Every structure is written in C-alpha cells, then in structure tokens.
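Each of the next two complexes has chain A plus one other chain: chain B in the first, chain C in the second.
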Partner chain A sequence: MKSFFRMSYPYILWIAIFIVAPMVMILLYALSRTGNSTLTFQFTLENFTKFFRDATFMRVLFTSLRIAFLTTVFCLLIGYPAALFIANLSERAQTMMVLLLTLPMWINMLLKTYAWRGILLNFDLESEMKVFIGMVYDFLPYMIIQIHTAIAKMDRELLTASYDLGANKWKTFRRVTLPLSVPGIISGITLVFLPAVSSFVIPKLLGGGDYVLIGNLIEIYFLQAGDWNFGSAISLIMALIIIASMWLTRKLDRSEQEA
Partner chain B sequence: MRKLIEFRNIVKSFDGQLVLKGVNLNIYENEFVTLLGPSGCGKTTLLRILGGFLEQDEGTVIFDGQCIDKVPPYRREINTVFQRYALFPHLNVYENIAFGLRIKKLGEDIIAQKVNRMLSLVNLEGYGKRNVTKLSGGQQQRVAIARALVNEPNVLLLDEPLGALDLKLRKEMQRELKRIQQEVGITFIYVTHDQEEALTMSDKIVVMNAGEIEQIGTPLEIYNEPANAYVARFIGESNIVNGTMLEDYKVRFDDKNFDCVDFGFKENEPVDVLIRPEDIAIVKPKDGVMRGEVKSVVFKGVHYELMVETRTGTSKTVEMHVVTQHDLYNDQAQEKISANDFYVDLDDLENKDLTDQDFISIANAQAWDEDNRDISLTHVTHNIQKQTGVYSITFGTEKKTEVTVKVYVIHPEYVEDARHNIGISALDFFITADEIMESMAISTDLKTWASAEAWNLQDDSPVDITDVKFDFDPATIQEGTYEITFATQGREYKIETTSAHEAGDRVGLSFGPDDIHVMHKEVTDA
Partner chain C sequence: MKKLISVLLLLCLVSLPLISLGDANVLNVYNWGEYIDKAVITNFEKEYGVRVNYSLFSSNEEMYTKLLSGASYDVLVPSDYMIERLLKENMLQPLDKSIVNNLDGLYEGVTNLSYDPDNTYSVPYLWQSVGIVYDTTKIDPAKMEEKGWSIFLDPEYDGHTYMYDSERDAFMVAFKALGYSMNTENSEEIQAAYEWLRQMDKAVHPAYVTDEVIDSMANGEKWMALVYSGDGAYILSENEDMGFCAPQDGTNIAVDAMVIPANASNPELANRFIEYVTRYENALMISSEVGYASPLTAVLEELSGEGGDYEGNDAYMPRAGYEKDEMFHDNETLKKQLSELWIKVKLHE
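Coming up: the complex of A and B.
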C-alpha cells in the first residue's frame, strides 16, 4: 500500500505544478491590479466590479451562455435519435458508426473550422447563426457517443420485459430507455456545454471580427491588451459559472433518480 | 379441463439451424407444465414464441381459441419471469411491480392495493422502497414473479427462473412457486433443464430433445415409463442395456432371458432395457439373477451408490521388462545419452509411416549434458525392415554422442471378442525402474508404453481402455518381468442400496419382472 502511494508522487507533483499553481496564479492575478511584484501585493476587487458594471461585458457573457445553451439543446435533439438509431444496429454496424462519428475528431478543430468558414461564405447568414452551426457540428459527436454508450450498455431483456408487461414501443421508450439513458444525457450535456461556453476559435473564425464571446474576451485581454489581471478575473467568473452549472445538472440528475 | 394453448406444428430456425422441428403441444387451464430438456433443445425458443418475442417460421399458436400469431407481445394476456429477472434498475421494488399497472393507467389507490397484495404473496412485505439492484438473488426472483403476476395473466411463463440461485434457496423457491401457482390458480409454463425441479413441481412434464418432443406425461409416468432411453437417461439415474424382445412379456439381455411386464413389440425387436438403480436389490451371489463384483462404493447420504461389474471387459495381457539402463558417456562432448530396446508392431510399420520422432519417443531416447540440460537428438539411423525380426537403431546428437538399441519387429496377436464386438491390442515393452518410479500417472503411462488400444470390430471406432491391472508397487519396483492386463469396460450396473458393501465383494443382483422397463430404440436422425 505504502509503495503504491509513493508511486503517485510524480503525479501529485505534476498536478501541483501544472494545475494547482496556475489556478492560484489566476486567483492572485484576478484579485490584484497591474504592477505587482513579489514584494507588494496590491489587493483589489475592481477587476470584478469593472466586469459587472459594464453592460458590454455582461452582454458578451449573456450571449456566450445563450449560444452554448442553444448548442447543447440542438446537439441533444439531433444526438439522441441518432444515438438511439445506432444502438439498434448490429454489433458490427455500431462499431462502424461510432468510428465514423469519431473520425472528424481526429482532424484539428482549427482546420475544420476554416473549412466551415469557406462553406458558410456562400450563405448570407448572421454571425451568430454561423457560430452556432460551427459549434453544433464540432460538439455533436461528444453528445452522440455519450448517449450511445448509455443505451448500448442497457440490458436488452429490459425492453422485452417492458413489452411483456404491456408497454408498446413508445411507452417502453418513455419508461425504460429514456430514464436509463439519463446518465449519458448528463455527461453529453457537460461535454458539449463546457467547451461551447468557453470556445474562442469558432466565434473568431466564423463570426467575423466584430463577434465576441467570453472566450474571445479573455483572449483579447491576455494577448492583445496585455491586461492579465482583468483577463484572469473573467476566467475566474467563467470557471465559477461552469462549476455552478455542473453542480446544478448533477443535482437534477440525482433528484431524477430518486423520483 | 379447458384447453388454453395449442401449438400446431411450430417450426423455427436460427441461421439455418433448425431449433424447433414441428412441435405440437396442448396446454390446459390451471396446469403446471414443465418444458424439460438440455440447453439448445428448443424449450426457451418455444416459450419465447408463446410470449410473442420471437416469430415462428411455420405453424400456429392458438390461445383461448384464437390465433395469436399476429398479436404483439404487449397485447398478449401472458406474462413472463425472465431468466436473469430483467428488473428495471431505475425503479424501486414497488415501481417495478407497479410497472404493468401504470401502463394500464389504473388509479393510484388500486395500484397500491394490488402491489401490496403481491408483496405479501411473495413474502416481501416492507420491501417496496428498496433498490432492486441491492436485493439478493432470491429476493429479485420474488420481485420478478410479483411483477408478472400483478397483471393477473392467464398464463405465467417462467424461463429457468431458479437457475442462478444456490441449492438451498432453489428448493425453497420450488415449494414457494408451487404454492403461488396453487393459490392464484393459473397456468404456469416452466422451462428448466433440471429434472428434479421438473419432477417436484409439475402436473405435466414435456421432455424435449433437439427441437422435438420426446414424451409428454405426469412426473410419475415419465419416471416409471419413459418412452425411450433418452428420456430415461434425462430423468433420474438409470441402467440402460441393449436387449431383444423375444415375445410379449419376455426380454433377453446380457445373455439371459427375463420375464417382464411389457408387450406390444415386434418379435425379436432390438430394444433398450431400463432398470432403475433403486429397483435392484443386493443379495447373496447364489440368490441373484446376476452375479458380479463391486467395483466402487460412493456414500450419497441416504444410500450408497454401488457399481457392480457383472461381466468383465475384453482384455489383453502383456509383459513388461524392467531393465537397468546404462547411460552412455561421451568424454569428448561431455554428453550422456540413453535409450531402451523396444517392440514394434509390424502392422504399424506397414500402415502408419513411423517417423524418427516416433522412434525417439517409443525408445524413450534422450541426451543431456553435465548440467542435466536436455540436448536434442539430431540423427536416427536404423536397418529396420518390414518383416518380423530383430534390428538395431542408433540415436545420436550433433556432437556424435550415440546409443544403439534393439528393435523387435513382431506380429502380435490381437484379442478379438466377437460377442461384444471389441478388439484390443498391446505390446510387450522394455522400461527402466526409474521411469516407472517417476511416472505421475502410471496407468496412463503403461497404456502409452505398451501402445495399448481397443476398437469396435464393426466400425473401427476407438473404445476406451478403462482398466489397467498390474501387481507391482511402482515406488519400489525391481528389475524383472511383470504382467500387465489392459481391459475395456465390462457391463456395470449402478445400484442404490442402504446396506454397506466394499469394493471387491462378490454379490448377487436381484430384480423382478416389474422392475424391468422395455423401450423402443431411439430413432436417430443421422
């Protein structure tokens, strides 16, 4: 047991250096103003007040949440029937379909997004619509695979049992398949919503120069304005919103299971 | 009783494999019917066709006077208890049982009333809120039964429901199921491969084999008057011997004529004769209708199970020459080598294309270095002719370490037992005391060393050599010549008795005319 524990030291070190330390740095940056040195730490909350007082920033935050929410809903609406369809195929066909679904994920997202830019150039669409299409395209496979896994591992005999007890196909779906695939839906939502809400490549390439989401905002403050303190504050706000939404979905999942 | 279900000529195949070959079966109201057979006999397929989960290729299922071939499973008044229970993991015990009632949109108070009644029927009061995945196998079983019965079906199908339970629980559930069936008074169709389960619970047993029904009857009929050897073997312990029906009430087997109670066979028809182990009494040798030697005794709790050999098998005796082997030492290469003289059957030389490798293993030739590491033999030279005589063979290693031994090519006599259709052969052989002492399985090794084999005289198929007799102690064997006898299985009877006997006892077997049951030979498809 003890030697096992010792084997985990490198990982603990890794986590400390590359995950915990940057987080602490972000926290420190967010809570201070420019011109810090190791000796003087200038504590302030003005980065946060600046964000929440400015209507532009709030609008960007709201747009980001809205587009991420819509992307998630659409991925679920398209992804669930697709996952259900795949789960009803033969074993071989299922493997093939999952492979086909994951295939685009092997290609760099930047490349795919550039391709979409080319395609969408021919259509007269609003920036938000283009970003939305790009996001749904990029994140849909995560949703399908999560739900498919949940449905595929379900015991088929449960469906037979449901028919046996008088439920037709629709009622069997409502009362057996759907509730049993909830864990897949939850993890699918998480896997789509999180990258969607913080994405900055897709809005940048598909939305045109004037379309800004929260991810772009962070990028602008870090890389262009060089204001790491404000950038960190926005990142922290995002992180808190994400943690809150994850906590919420998990709570929903649990109350669903208890009912 | 009213006929409730009728299977008419049901045929079903999977991937070209015929699973049901035209099954006809009637099932009546309030019956406890068991479909009994080994796995793959089609019993579960038949059940699934009745449940509506599979569609037959041919034939019709009539339920309560109506053809239900096109009725989907959710509209059949039949419920099923599945083999692996198939309880809904996302619902608790109460909601699992209420599932069917909620589909029918019954009122909440009626659902509560019915579910609670079911919970007490299966002795699970107070378990309603439990998580089904946390229940024991027996409890899950009860939930599955309650979930099916609460819908008040006309027929309950049970697909090997007790298969996953341990013995004690299985016995308990057998009684429980019988009680439930009598209490609710509906037809139970029960699928199992467990003959004891079938005998205990059923009103009617349907014995199935390879997609066909072998026999339908009450447990007593099936046990006492099995239709053929297959059914007899499947239900209970049995001695089945080949016999000939001489005339009504007279059967001949094991070279003796016996009176029996069976009739209606053709004159001199070949038959299978069944005698149940508990119907044979052990008596003094002179009082028995047969005599034999007790070969083994197994204590079974209430009784002993004896195997009594009434006729020895076909045997062949050979001589084993235990010799001292001199390892040859090659100074230059620092290698040792050894091999034994051996006998070869002229027939094998002519027909079997013996290779160098075969000679190496028959002669037990081996070479090793100073550290006892094996060295491979690279060359074998000999002057063996396809003619009886004495020849020599030389085995050698790469470094020219060599040993030469004698080869006796002989034409041994086979023992041919025409009456029982068995031939047996074995050869004399040379062996060292060390090799015998090192043997882990002496009987098997003796068979190999003597090339002992037995076969059926008619079709040349191999016959097991079950008996190897010798009178030396392998642990302390000295040089010399020993006799070894190889024998095939003789005629053995299994007997259940409460009196103690020891292996080697001479006993008489006694049974009367009504202990003998004569059956038609099975008609094999092949």
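Coming up: the complex of A and C.
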C-alpha cells in the first residue's frame, strides 16, 4: 500500500507546479496593485470593489450566468429525451449512437465554432442567439452521454416490476426511471454549466465585438489592457462562482441519494 | 504480445513531437498572421540550409506576453510603440550591421524614427496608415473627404458601418476628430473622446469587428469601415466600388519592424534573415502579397507605379510627412484606461 502511495509523488508534484502554483499567483495578483514586481507587493482589495461597484462588469457577469443557465436548461430539455431514446435501443444501436454523439467531440472546438460562424453569417440573429446556438451545439453531447450512462446502467427488471405492480408507462418513468437518472442529470448539468459560464471562444467568434462574457473580460484585461491584477481578480471571482455551483450540485446529489 | 506492440506503437506516437527538438539550425520567427509570402521563407530555408519555425501573433500585447513568459524567438516583428517598450526594458539586441548591410534603399519616411533613432535595433518590415474604406456608390467621395472622421457620427449610415474592435484605433479616430493628439494624457480630452465614441455608437450602431472586416468589405456588405491601409489596399483590389480615405484630421502612421530579442538563441541567423527579407525581390514579394506598404522606395515605386500590382490603389501608399499624422508612443497607463472605456463603449453604456 505504502509503495503505491509513493507512486503518486510525481502526480502530486505535477499538481503543485501546474495547478496550485498558478492559483497562488492568481491570488497574489488579484490582491495587489499594478506593477508586476513582488518586491513592491501592496495588499489591496480594490480590484474586487472595482468589479462589484461597476455596473458594466456586473452586467457582464449577469449575462454570463444567464446564457450559461439558458444553455444548461435547453441542453437538458433536448438531452433527456434523446438519452432516453438511445437507452431504449438495442445494445448495438446504443453503441453506434454513442459513437455518433462523441464523434464531433473529436473535432477541435475552434474548428466547429468557425464552421458555425460561417453558417450563422447568413442569418440575421441577435449576438446572444448566435452564442446560445453555438453553446448548445457544443455542450449537448456531454449532457446526453451523462444521462444515457445513468439510464443504461439502471436494472431493467425494475421497469418490469413497476409494470407488474400496475403502474402505467408515465408513472413508471416518473417513479423509477427519472429518480434513478438524477445523478446523470446532475453531472450533465455540471459538465454543461461550468464550461458555458466560463466560455470565451464561442462568444468571441459568434457574438461579435459587442458581446462580452466574463471569459472575454478576463482575456481583454490580460492581453489587451495588460492589467494582470484586475484580470486575476475577475478570474478569481469566476473560480468562486464555479466552486459555488459545484458545491450546490454536489449537495443536490447527496440530498437526492439520501431521499 | 499484441498488447506490447500496441503499447510500443502508442509510445512512439506520443514521443513523435520530441524528435524535432534540439536542432541547431532552426530560426524562430514570430510575426503577425497573414503577413508574409510563404515562398520567402521556403527560399530562405533553401538558401541557408536551415529550418524556419514560423509562429504567428495577432496583437503586439499577445507577443509581449508570450515573450515575458520566457518564450525564445530569434526575429520578432512588433509595431513601433512596442519596440519602444522592448527597448526601454532592454529586451532587444543591436543588429549586426556587417550582415544587415542593405538598408540604403529604405524609404525615408520609415527610417530613423523616434523609437529607434538610427535603426540600431530595428529594420522596418511593412508600414501603414489607418483610414476609411467606403462604398463609392453609397457615399459621395467629396462628402467623405469633407467630413473625415466625423462621418462616423452621421446617422445616415446607421447599420451600415464597421468599427475596428481595438481601443487604440477607435480612440485614435476620436482624438483626431476632436483635434487632439492621439498620445494625449489629458483626462478632459480622454473623457471627450469617450463621449465622442459613445455618440458614434448611438449614431451608426457599428458592428465591432476585427479581421472579418476584410472579406465583408470586399463583398460590399457595409458602406464604410475603419481599416488599416494594407487591408484597404486588398479590399480595393477586390472590389472596384470601394474607395479609401485618410482623413485630413490626421491619422495614425504605424511601422512594423524586425528586431532581435536579447535572448535569441541564433542571432547570427536572425541577422541573415533580416538582411534577406530586406532584399528588393523578397520585399517585393511580401508587399505584393499582403498589400501593406513596403519600406523600400524601389518596391513602393514598382508596386504603385505603372503596371504595378497596386497602380491607382489609393490605400496602398500611406501618406508620409503630413503634420497631423502621428505615431503611437508606449504608454501602458493610457492603454489600460482606454481599454476600460472601450469596453463601455462597446457594451453601449
């Protein structure tokens, strides 16, 4: 056992260098004033107060949460019936369908988004609508696959038992299939909402210059404005939102399991 | 056994990218996207028996960030104000003039500029101004010349306008329209320029775009757009209805120049590359391909002269020596301030 633990040392080192250290640096940048030198480190919260006091930034935050929420809801609305449909196919057909679903995921997201840009160019749509379409397209497979996995591993005998006990199809779905697929729904929501709220390539390519989400704001502050301190503060705020939503979904998951 | 073979094969596949490392005769060039005739690189590789590792950036700031993060390049092609900053921070090394000995043919307007007064560190690569590309069937050229930048406030062009999505260029337009210097640090002037841009946003509801403006204007999708002269030259050569105007209020003249970073691993080859690119035939290929103005007088004359690729193309040759035209200076505080205001303009605050 001990020797196995030793095998994880390189991994821990890896985490320390590539995950923990950058996080610490973001934290230090976010809590200090401009001037990249650590020698003149000055502790301040002004990056955060600036963000929360400014109506523009708050609106960007709100827009990001709104579009991520809408994307998640829509993915769930399309994804659930699709997953249910796939789970009811024969074994071979299921493998085929899952393969077809994952196939586009092998293509670089940038390429797919550029393709959408070409398609949407011909339609006179609001920026937000374009970004919404792009996000739903991109994240839908994650939702379907998660829910499908949950439904597929469900014991089929349960359905037979339910019918034997006199429940009709709808009641069986509501009382058996749906509750058992909740873990899949929850991980699906996590896998869609988190990348959607932090997405920046899709709004950048599909939304046009006046559609700014929080991910784009971070990019603007790091690459255009060259203000790493404020950029780090926004990154940290976004990280907190992500952690909060993960905590929420996990809590949901747990209370569901208890019930 | 089968498993072992597949594992070995996988290992080979994964380690494939490592093979190209450790090659001494490699030149790392970092340039703007769509800014060269690829044949120039291939020819250089053949002539010197080396390999050129050619990477692309899309903004000076992106290049600078990459450089700060420790990446090593041999030749960079930043713009004037960025060279000013790199020099301030001792990040460049002087050119070896015994190798780069062909600078006599450079156009006067782009040599010995304030960021590098005697071209010790930099050789101009291409240069440009900023102007308005417009559809001459929709906007009368006389009106365009008369109104200059203030045409962006004319509600008549509501929904028919592209604005370049860059705080630097947009604020340049506003500063010049108001008669200020585009390097101003005066907070009242900055505020006035911000108000000017907000007014523009309300009057013409421009689409804020970057490089997609090139194809869109070549297809005549909108009536006017703020563009770099080199892109304007391309648009004009693709669509004969389009005209180009560099407003009398003054504009930005920008020079992109080749420099060698202090930490270059192959400075000798870098000098050879700079010399090679500055040769007449290569400069001609590059300028002809991308539409931006060449730094060589002979090339400028060839391309804009009779029978040249850009004969009669108003956008190709930027005007030089006009007193209201200016170059940008490196000013990080100002840039930060403008970026923030620019977000607010775009989000219609």
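Just so it is clear, the second predicted complex is superposed on the first by the 255 of 259 C-alpha atoms of A that agree within 3 Å, B and C clash if a C-alpha of one lies under 4 Å from a C-alpha of the other, contacts with A are read in each partner's own complex, and residues count from 1 in each chain.
Methods note: a contact is a pair of C-beta atoms (placed from the backbone, for glycine too) under 8 Å apart; a residue touches a chain by one contact, two chains touch by 3 or more.
Remember, predicted model here, so these are calculated numbers, not experimental data.
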item: Touched partner set for A:27, first chain B, second chain C, both or neither; value: neither
item: Partner chain in contact with A:158 - chain B first, chain C second, else both or neither; value: first
item: Chain B versus chain C as contact partner of A:78, first or second or both or neither; value: neither
item: First, second, both or neither for A:223, with chain B first and chain C second; value: second
item: Touched partner set for A:167, first chain B, second chain C, both or neither; value: first
item: First, second, both or neither for A:56, with chain B first and chain C second; value: second
item: List of chain B residues in touch with chain A within their complex; value: 51-53, 72-75, 78-80, 82, 84, 86-90, 99-100, 102-104, 147-148, 151
item: Chain A residues touching chain C - in the complex, by the definition given at the top; value: 34, 55-56, 59-60, 208-210, 212, 217, 220-227
item: Chain B-facing residues of chain A, complex; value: 155, 157-158, 160-168, 171, 175-176, 179-180, 257
item: Contact set on chain C toward chain A in their complex; value: 59, 61-62, 64-65, 163, 165, 167, 207-210, 332, 335-336, 339-340, 343-344, 346-349
